[in-house]
Amino acid sequence: MPDVLDRSGVLNRARAVLAEVHDAVTAVDPAAAAALGAAITTARTVFFDARGRSGLVAKALAMRWMHLGLRVHVAGETTAPAITADDLLVCLSASGRTTGPLANAGVARARGARVAVVTAAPDSPLAAEADLVVVVPTGGGQHGGSLFEQACLLLGDALCGAFQHAHAIPDAALSERHANLL
Amino acid sequence: MPDVLDRSGVLNRARAVLAEVHDAVTAVDPAAAAALGAAITTARTVFFDARGRSGLVAKALAMRWMHLGLRVHVAGETTAPAITADDLLVCLSASGRTTGPLANAGVARARGARVAVVTAAPDSPLAAEADLVVVVPTGGGQHGGSLFEQACLLLGDALCGAFQHAHAIPDAALSERHANLL
Amino acid sequence: MPDVLDRSGVLNRARAVLAEVHDAVTAVDPAAAAALGAAITTARTVFFDARGRSGLVAKALAMRWMHLGLRVHVAGETTAPAITADDLLVCLSASGRTTGPLANAGVARARGARVAVVTAAPDSPLAAEADLVVVVPTGGGQHGGSLFEQACLLLGDALCGAFQHAHAIPDAALSERHANLL
Amino acid sequence: MPDVLDRSGVLNRARAVLAEVHDAVTAVDPAAAAALGAAITTARTVFFDARGRSGLVAKALAMRWMHLGLRVHVAGETTAPAITADDLLVCLSASGRTTGPLANAGVARARGARVAVVTAAPDSPLAAEADLVVVVPTGGGQHGGSLFEQACLLLGDALCGAFQHAHAIPDAALSERHANLL
């Protein structure tokens, strides 16, 4: 039996992933991305919501925005309070049809909060609920939402980096907020 | 084959659990419990830390204190920042030897934070690190830390209730902070 | 200013909590509780689902059933696969109206899985979706679902204990499955 | 005041992130990555362990391997049992000095499990504990471990994709295992 996970197979697959994520991230409208960054950094409190692997990416971004000094919560986590007016809900959903974020977008709007949606589906019900939509056009050869999730992590980290740079926030300020309990 | 989970078996077991938790909770020194409540409600920010089932009880208590208006975090959760001086770390550990809380107690003290420990083992390494120890004497017939976890939930909720009552905080104030995102 | 969290206040509150949880647990129909235990221990895989503090209690129970050798998952956790026929969904919801469990009960039934509901509201939409309902009658003087959550933990642990005893499973067998990674 | 999160700032930052992650992923030794894939896909059960944002990436990878049909757990999650011989522990740690994974690597080895480490620090204590090390060389201009985390997600997904392709596993088989409870 040939080695099914051989060097060249892994290498080719990694190159394919890199090419796909490059195309997805560079296809995002930078004005929409900048508007998302502005919405995040001017909200009183930002709530992130997503499910499955997108939910894990949303948590990674929430953590970095916390390091940058923002008031941030993740829907469903222990210490997340109620969302209220002046807050922002950021939903990540490739399909734009995930039940949880869809229900939460309705709650957020009813409370007077703003809703931002990052999705691959601009015509989806979730996008229809949003004040602000960032379309991450995916496709490619990977399973399910993998490309969407990768692109969201890179794009989100780019927003964090742009914000840190624009405000000249030193790395030490982020490190000081970094969790020191394991 | 007899029905192994029959009515009377379940009923007897439930009565045994109730008796055990009654004895454990009433054996706690109320002065120590009150001191824990005072430490929690006067800290700038309270961090809860525990592992396994005790960790789930700690999260339940953290959530209720958040409802009561305190600044609360859970070690290891996405949006928990660094612990600093003026903060309080509350560790729950039946054995007083759980690796994570033990390491975290050292970190907290090094940063100038206070450390409170709820444990069944007053002579444990974790208790030795603490500024404040609440001993929940367990034993009984249940597996592992079950009794400790039950007693901590009831005792912790009693502290929350005593605080709410003492400050005449209306239920509506808690409900307003209750997470509205699912 | 008087000490708002004084010894006698805490002690009185703890005794009130103990009395309430005693009344709630002993008011549960032991036949219904035994039926829940039988459903859990005969399913191919058991999925637990609840939100907020009830969700934390559900996780504590899921963990103990895993220790007892069952195949168990928690809705929304990383490694939880799809629920399918022959599986059981156990929902905890005081109100019987929590959005997530309500949606999930519908999914579970559509896939041919059984649904068990533990609730304080026998006439709720969630109870209407269930193959099996355990009513935990709550009321009392505590905030929100506290009494429900306490009663569910004690009752659930009593079921675990009854199962362990009935099958003469030694504590060592549970300890062997207990997580050893921190 | 100029718009600090303007279009060109975001675009430039996104391009910089893409370039960094491209360089990091292509600098990984494909033989080491293939060996990691082989270790994962031949273990009886795979445990993933990482903290902070790396922990979220580890969970995303664990979820995908579950979709692919492997027996997978995440250290610290509710239903994770004890690690034993024939299992594999996969740790992600940029510094190779994270307390939790370091302690867990020792536990895993003591139980006879294998340990794989993905790190930016080949000379770290964690790498010294490993049976298998994959070095993800990072550096670049991003804060903290961002580049490491991005590279681990892309590289890990590439391994999943290579495995799916090599075994001709249809997308439908993954979708069937995809969580259907929200």
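By letter and in written order, the chains are A, B, C and D; residue numbering begins at 1 in each of them.
One rule holds in what follows: a contact is a pair of C-beta atoms (placed from the backbone, for glycine too) under 8 Å apart; a residue touches a chain by one contact, two chains touch by 3 or more.
The UniProt protein names, listed by chain, are A, B, C, D = SIS domain-containing protein.
Please read all numbers here as calculations on a predicted model, not as lab measurements.
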Quiz item: Between subunit C and subunit B, is it the same set of residue numbers doing the touching on each side, over half shared, or a different set?
Solution: same
Practice problem: Between A-C and C-D, name the chain pair that shares the greater number of C-beta pairs in contact. | Solution: C-D
Exercise. Between subunit C and subunit D, tell me the centre distance in angstrom, where each centre is the average of that chain's C-alpha atoms.
Key: 33
Quiz prompt | Approximate Å spacing (C-alpha centroids) for the pair subunit B, subunit C | solution = 19
Quiz item: Which residues of subunit D are in contact with two or more other chains?
Solution: 51, 56, 59, 63, 76, 78, 99-100, 103, 178-179, 182
Self-check item: subunit A residues within the subunit C interface of the complex
Solution: 51, 56, 76, 78, 99-100, 103
Quiz item: Can you list the residues on subunit C that touch subunit B in the complex?
Solution: 3-18, 21-22, 25-26, 28, 30-31, 33-34, 37-38, 41, 51-53, 56-57, 59-60, 63-64, 67, 98-100, 141-144, 146, 149-150, 153-155, 157-167, 171, 174-175, 178-179, 182
Exercise. Quick one: which bits of subunit B touch subunit A in the complex? Just the residue numbers, please.
Key: 47, 49, 59, 62-63, 66, 72-83, 89, 100, 103-104, 107-108, 111, 176-182
